[in-house]
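Sharing a structure, written as structure tokens. Questions coming.
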Amino acid sequence: MTTTTQQSALHDPKSAGGRAGDKIFSGITLTAGIVILAILAFVALYLVIESLPALTAGEGELANGKTSFWSYVGPMMVGTLIASGVALLIATPVAVGVALFISHYSPKKLSQPIGYVIDLLAAIPSVVYGAWGMTFLGPLLVPAYRWLSENAGWIPIFAGGYSQTGRTLFTASVVLAVMVLPIITSMCREIFVQTPKLHEEAALALGATRWEMVKMAVFPFARAGIVSAVMLGLGRALGETMAVALVLSPGVLSANLISAGNQTIPAEIALNFPEAFGMRQNELIAAGLVLFVITLVVNMIARWIVSRHKEFSGAN
Amino acid sequence: MTANVKTELENKGRSRLTVGQKPRWTWAACLAGSAIVAAAVLALIGFNVAGWAVLTAVLYVISMYVATLTIENRRKATDGMWTNLVVGAFLVALLPLISVIWTVLSIGLPGLLAPGFLASDMLGVTGAVDQQSVAEGTGVLGGVKHALIGSLLITLGATVISVPIGLLTSIYLVEYSRGGVFSKAITFFVDVMTGIPSIVAGLFAAGLMMTLVGPGTNVMGFSAVLALSVLMIPVVVRSTEEMLRVVPNELREASYALGVRKWRTILKVVIPTSISGIASGVTLAIARVIGETAPILVTAGVAIQTNWNLFQDWMMSLPVYIYRQMMFPTAPSAPDPSEQRAWAAALVLIIIVMLLNLIARIVAKTFAPKKSGR
Amino acid sequence: MSKRIDAIDLNVYYGKFLAVSDVNINIEPKSVTAFIGPSGCGKTTFLRTLNRMHEVLPGARVEGKLLLDGDNIYAPGVDPVAVRSNVGMVFQRPNPFPTMTIRENVLAGLKLNGKRISKGDADAIVEKSLRGANLWNEVKDRLEKPGSGLSGGQQQRLCIARTIAVEPEVILMDEPCSALDPISTLAVEDLISELKDDYTVVIVTHNMQQAARVSDKTAFFNIAGTGKPGKLIEYAETSQIFNNPQEKSTEDYVSGRFG
Amino acid sequence: MSKRIDAIDLNVYYGKFLAVSDVNINIEPKSVTAFIGPSGCGKTTFLRTLNRMHEVLPGARVEGKLLLDGDNIYAPGVDPVAVRSNVGMVFQRPNPFPTMTIRENVLAGLKLNGKRISKGDADAIVEKSLRGANLWNEVKDRLEKPGSGLSGGQQQRLCIARTIAVEPEVILMDEPCSALDPISTLAVEDLISELKDDYTVVIVTHNMQQAARVSDKTAFFNIAGTGKPGKLIEYAETSQIFNNPQEKSTEDYVSGRFG
Amino acid sequence: GSNNPTADGGESAAAGGGELSGTISGGGASSQEAAMTAWVDGFRGVQAGATVQYNPVGSGSGREGFLAGQYVFAGSDAAMDAEELESSQDQCGPNGAFHIPGYISPVAVAFNLEGVDTLNLDAETIAAIFTGEITTWDDEAIASQNDGVELPDTPITVVHRADSSGTTENFTDYLAAAAPENWTYDVVEDWPEEIVAENAQGTQGVVGQVTATDGAITYSDASAVGDLGTVAVKVGDEYVPYSAEAASKAVENANPVEGAAENDMAVELDRDTDEAGTYPIVLVSYHIYCNDYADQETADLVKAFAEYVVSEDGQSTAEGSAGNAPISESLRERALESISGIGVQG
């Protein structure tokens, strides 16, 4: 039985053909990765090159009248972070709640249609969100702003008056929250339903209530996914131009959520790019680059948090 | 003996298992109480319906918690509270949806139903035409055919580019890379790209095409396709990656053990298992880019007539159409027709995304795991 | 700390499919009852109705009464959570929480009660439960490692430890030893004998010897054919089932002459 | 259609952790070999090295040689897929494909590899494999239903059917009967005896009787303590292992006097 | 699909005989969009085979695109500076580019005040209102110029443009020239951020905001102000309400930009003029063309289109659609002369 026709079975030509399939496929996926890397690296390169004049500009060379680039983007950076931060603070709990509702709380028959309805939120173009925020939501919130200003004015973020039109950073944040909600919900929902039945049952059999089961089996399983979903949402919130440009009544940074003022980087770009040329364009693109860096830092932190618990991945 | 137990139970009428439970009408009492208290509180500082609803809801959650806590125990109270909050989250999410949809429907529906809105473009529609139709009260002329076709072509193009690339890349990340430098680099760039302001993507695409085909000719649908792809790819990669990661390893092992090649395992086992999530992710990505305004404006320009060619001449798209009509009416002194067209176009856009979503779900359903059993 | 269980005309459905029909059974407190029967006859299904785990599956439902110390756990208004914290369960397939460490897995059920337990007490419980499941020696040095890195048998014993840590009144075990080596099996059987002093234990097993060794009474389930519901054929003292069964099919099954 | 297996100085690692060390074993073609040993001693781990499934886990690796009919399957350039299509495997935990029907699950090995087979052939294979796994009668009316709706034992038999459908030369079974009732167990044991005529069969089992009943040779693995590697203690004719073991620990283990 | 444009004045062709064909692209100021739509449509009636497309990306991007060769003509709210003119030689050959005032529009100061349709204000008062020094409508400075008008004590809400805007630039230019005491800020496209006020994106945005807010005031392209009240601006000794003629007159009397080429019609408006009947807050939006194009076909098309735009027909078509002010006869003559010089490079 010992054979000398070396490795006949393990190296047969048919198998070699199949192996080529494997090679080709992994090659294709690798190529796709390289393509993405190339595209994205190009974008980054483009941004850096276009930003350099603004980043290296000396005093008096900037077209926006500011002494330095950082005194120009600094306040907008803060504005952007506040707007998307508040948006995420609002959207994340609601989105996770909705996802849970769909995956574990709603009657099984309803969960599909409900998921569909929530996905509708993603179908609405940002211009429409902008118009809605400007004409409907803003004025609707004015009484609340008045109340906050009168009763909670001692809190810095509510200090210093309120907007008559409701076109404030908080309104913008709410609009952003509504826009990122479907992104987070949809991804969380898909992951929640993947929670192994085995683990859900393990929790229930221990006498866990539904909520305890969710805490024990669903959330740990979905942790990485939730973080990713929130990061995608954050990306959308950080990068949203048109809706913020329409909703917000921008101005200098005041960090006051309920009065006019403050500005975000994407809205600044959208509002000023059309009339910009030369150095002004470089400044705006450089502002875009700054936004990149912010996104990157936040994402790296998120990845780091997820990777700390890699050993406990849900796929095992 | 069995009969014995039966009668024993019947006689008792209630059981130890239900002892100490809050009465069934607790929720109604709490709701009514909350509503009254909320109304009373608001009466002091000025009543309004929205505030009343919010306050009632908050009070209801709290009072149910307290009631359950006192009558039953903390765990049930906590569980009940989270149930209320989860349902509440859903209701809260419905509010903006209903509001936006109502706004779009009420303003946009008449425009959508106007004869020829879907079948005509804006050729020949000038401010004078709009002024006339306002003055004479006749129907609004002009439509979205050109923008509809533009949007569909551009989005289709972007999807054709981004979905395979994004899907394959996430396969690479999940199945092939073993956490090497290269996969870290991809992850790094994908992360950065998720936050790219859309207009920057547009500028990049316009600039890239300018160097490739020269100025002037670079304004075309395909440039917009590129811009949208840059925006779409990270969303596809990141959502697909997540969906692939939660596929149980034991399924992969089962397949390998049958002598199935890795690539077939991926295509036939891993992807079908996660198809519903992938489909959702792709639809989301499409929904995200199909509504983009700024990047299309700077890459594909604007047009008043239908263009079927992605590689030549300017192209209109729905979001640009909506934005221009809304912010820069055809007749500045008579903006109503433009506004009507804008909201009707928004409605068209929403319907398209809904249909896409529906298709994705059907696709997902066809391949998805047969849900049943342990 | 133990309960009696009485099933009255219990029918168990998966959607429209009647999986187990018409079960009447009385399980005494502080006893060990074994369920035996061919694969697919509904042992697992019936076992899961005893702590209302059955209804967790979509479309699954139960008709009839199931009394726990005389209280119908399927009566309207009964909270399944309360039932389940009284009736613990070990599954056929080991299912430790992959995101928790071994230690956390053992304490998972206790944590639910929200009672603060001192680290010392917790350590004691972890050790006691793991010893009870005969796993202590193997994992005592890696309590902080994930539970999913254990071998199949280790995982199953971890699940047993997790269940006994909460000290329920009834313990249901669905083939707890099927993945275990003889030594661990022996340990678990010893554990069952010990548990019997305080708890009511119900165990599904395919192993006749095991059923004979550990149980006081044995219930034999059978199924007439595919698509037919499983039925409780015979329920009696274990010795009687194995030595002097009343039904022909029981005799065939326990003597291996079946089918 | 059968192969001999020779392991030479085989060390198996999970990352840095040496799980099984220094195994030397010769498994004859057309024979049934049983692996026995206490839980966690590395039976599964070693079994998985026989068809290169071990390396699927991140960080897992193998040192030494493993010859399949004299060809080292760990030689550079060897295609693990070729190895696996020659060496089939049934896992400890049943894992049918959730996206597939029962029928598709049985045909998975063929269909996933893109082989075209006529409907008639496919039907024949499905029936033959399901009969072989003693599952045909239970599922013949619901072949188009999802495989995940079966009972635990049914799922396991489905996995066996799936494996024999591809007709490998060596079949590895990791506790294939642990979830099965005696009748199905008997059927699978019969199947193993049949398979032996054509294939080389390796089986992990915790059931001494089973090992004694079905295997020609038995390998006893043991582990000195936690964190220590598992070792092959004794490998001989089954009758010798059970009646006249050379090692003290083997004797202790097979007689249940262990630990 | 067919939209039946009843107001298509294409028959009375002003230039050409309808034998041209091809496509030319322009881009730039969004303020010109409405007028451009009318011109593009009208030009189709004159030259059925020719297509003009215009991308309203904004003046800055339009000029940038023109200089990069992306557009063959640009629309811009501001004239190119010397540097830009010089770099235009890359695309246009040594003779560079030139400006034509294609679109003239008065910038109205519009407000929303119950029962008040028009107010008389001088430049100082306007500046004081927009800088936030005057905060209520019944302020003495306003009342003193408006005898007989019942002014409420409503607070004034200033609404300005959020985006970079040629309108803002023209408006601040007027304030800086006519009320240097009160307007201490620069002439800017972006509203000075030191002045905290409400704002909105685009002409429609500010008009919408003012319409929705009682007591609000803004500046906006006059064509869009709709039913809002407007200010008659003090020029010399009289108050001049905005009108097409008054705006046109302001451009007529403007001075050419210093050092401009002979055919370049970029102008420096005289904002603090005393000339009767002149409305000084005017936005001139230029069309920028090359003196010489690379090929004959483009040159012919551009020439024909440029001629159509300034023609009587073109200007009245735009007025009918966009509500801007048509250029005067003398401006038209000068413009046609400049346009006639368009030729081919080399």
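Residue numbering begins at 1 within each chain, and the chains themselves are lettered A, B, C, D and E in the order written.
Simple rule for what comes next: a residue touches a chain if its C-beta (ideal position, glycine included) is under 8 Å from a C-beta of that chain, and two chains touch if they have at least 3 such contacts.
Just so we're clear, the structure is a prediction, and the values are computed from it rather than from any experiment.
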In this assembly, which chains make contact with chain A and also with chain C? B, D
Select, from B-E and A-D, the pair of chains that is joined by more C-beta pairs in contact. B-E
Approximately how many whole Å separate the CA-defined centres of chain A and chain D? 47
Distance between chain A and chain E based on Cα centroids, please, to the nearest Å. 40
How many angstrom between the C-alpha centroids of chain B and chain A? 13
Quick check: how many Å separate the C-alpha centres of chain C and chain E? 84
Find every residue in chain B that makes contact with two or more other chains and list them. 75-76, 79, 248-249, 261-262, 264, 326, 371-374
For chain C, jot down the residues that touch at least 2 other chains. 58, 81-82, 93, 112
Provide the list of chain A residues touching at least two other chains, using ranges where the numbers run on. 18-19, 22, 196, 198, 201, 209, 212, 221, 273, 313-314, 316
Chain-chain contacts, ordered by label, are A-B, A-C, A-D, A-E, B-C, B-D, B-E, C-D
Given the complex with chain B, which residues does chain D contribute to the contact? 51, 53, 56, 58, 80-82, 84-86, 88-89, 91, 93, 95-101, 108-109, 111-114, 145-150, 152, 159, 162-163, 166, 168
Mind listing the chain B positions that touch chain A in their complex? 45, 48, 50-51, 75-76, 78-79, 82-83, 85-90, 92-94, 96-97, 99-101, 103-104, 164-169, 171-173, 175-177, 182-183, 185-201, 203-204, 207-208, 229-230, 233-235, 237-239, 241-243, 245-249, 261-264, 266, 274, 276-277, 280-281, 283-284, 287-288, 290-294, 318-319, 322-323, 326, 343, 346, 349-350, 352-354, 357-358, 361, 374
Interface with chain D, chain B side, in the complex: residues 178, 248-262, 264-265, 268-269, 272-273, 367-374
Please give the residue numbers of chain B that touch chain C in the complex, ascending. 1-2, 5-6, 8-9, 12, 15-18, 21, 24, 74-76, 79, 371-374
Of all residues in chain D, which touch chain A in the complex? 3-4, 29, 68-71, 73, 75, 77-79, 81-83, 85-86, 113, 169
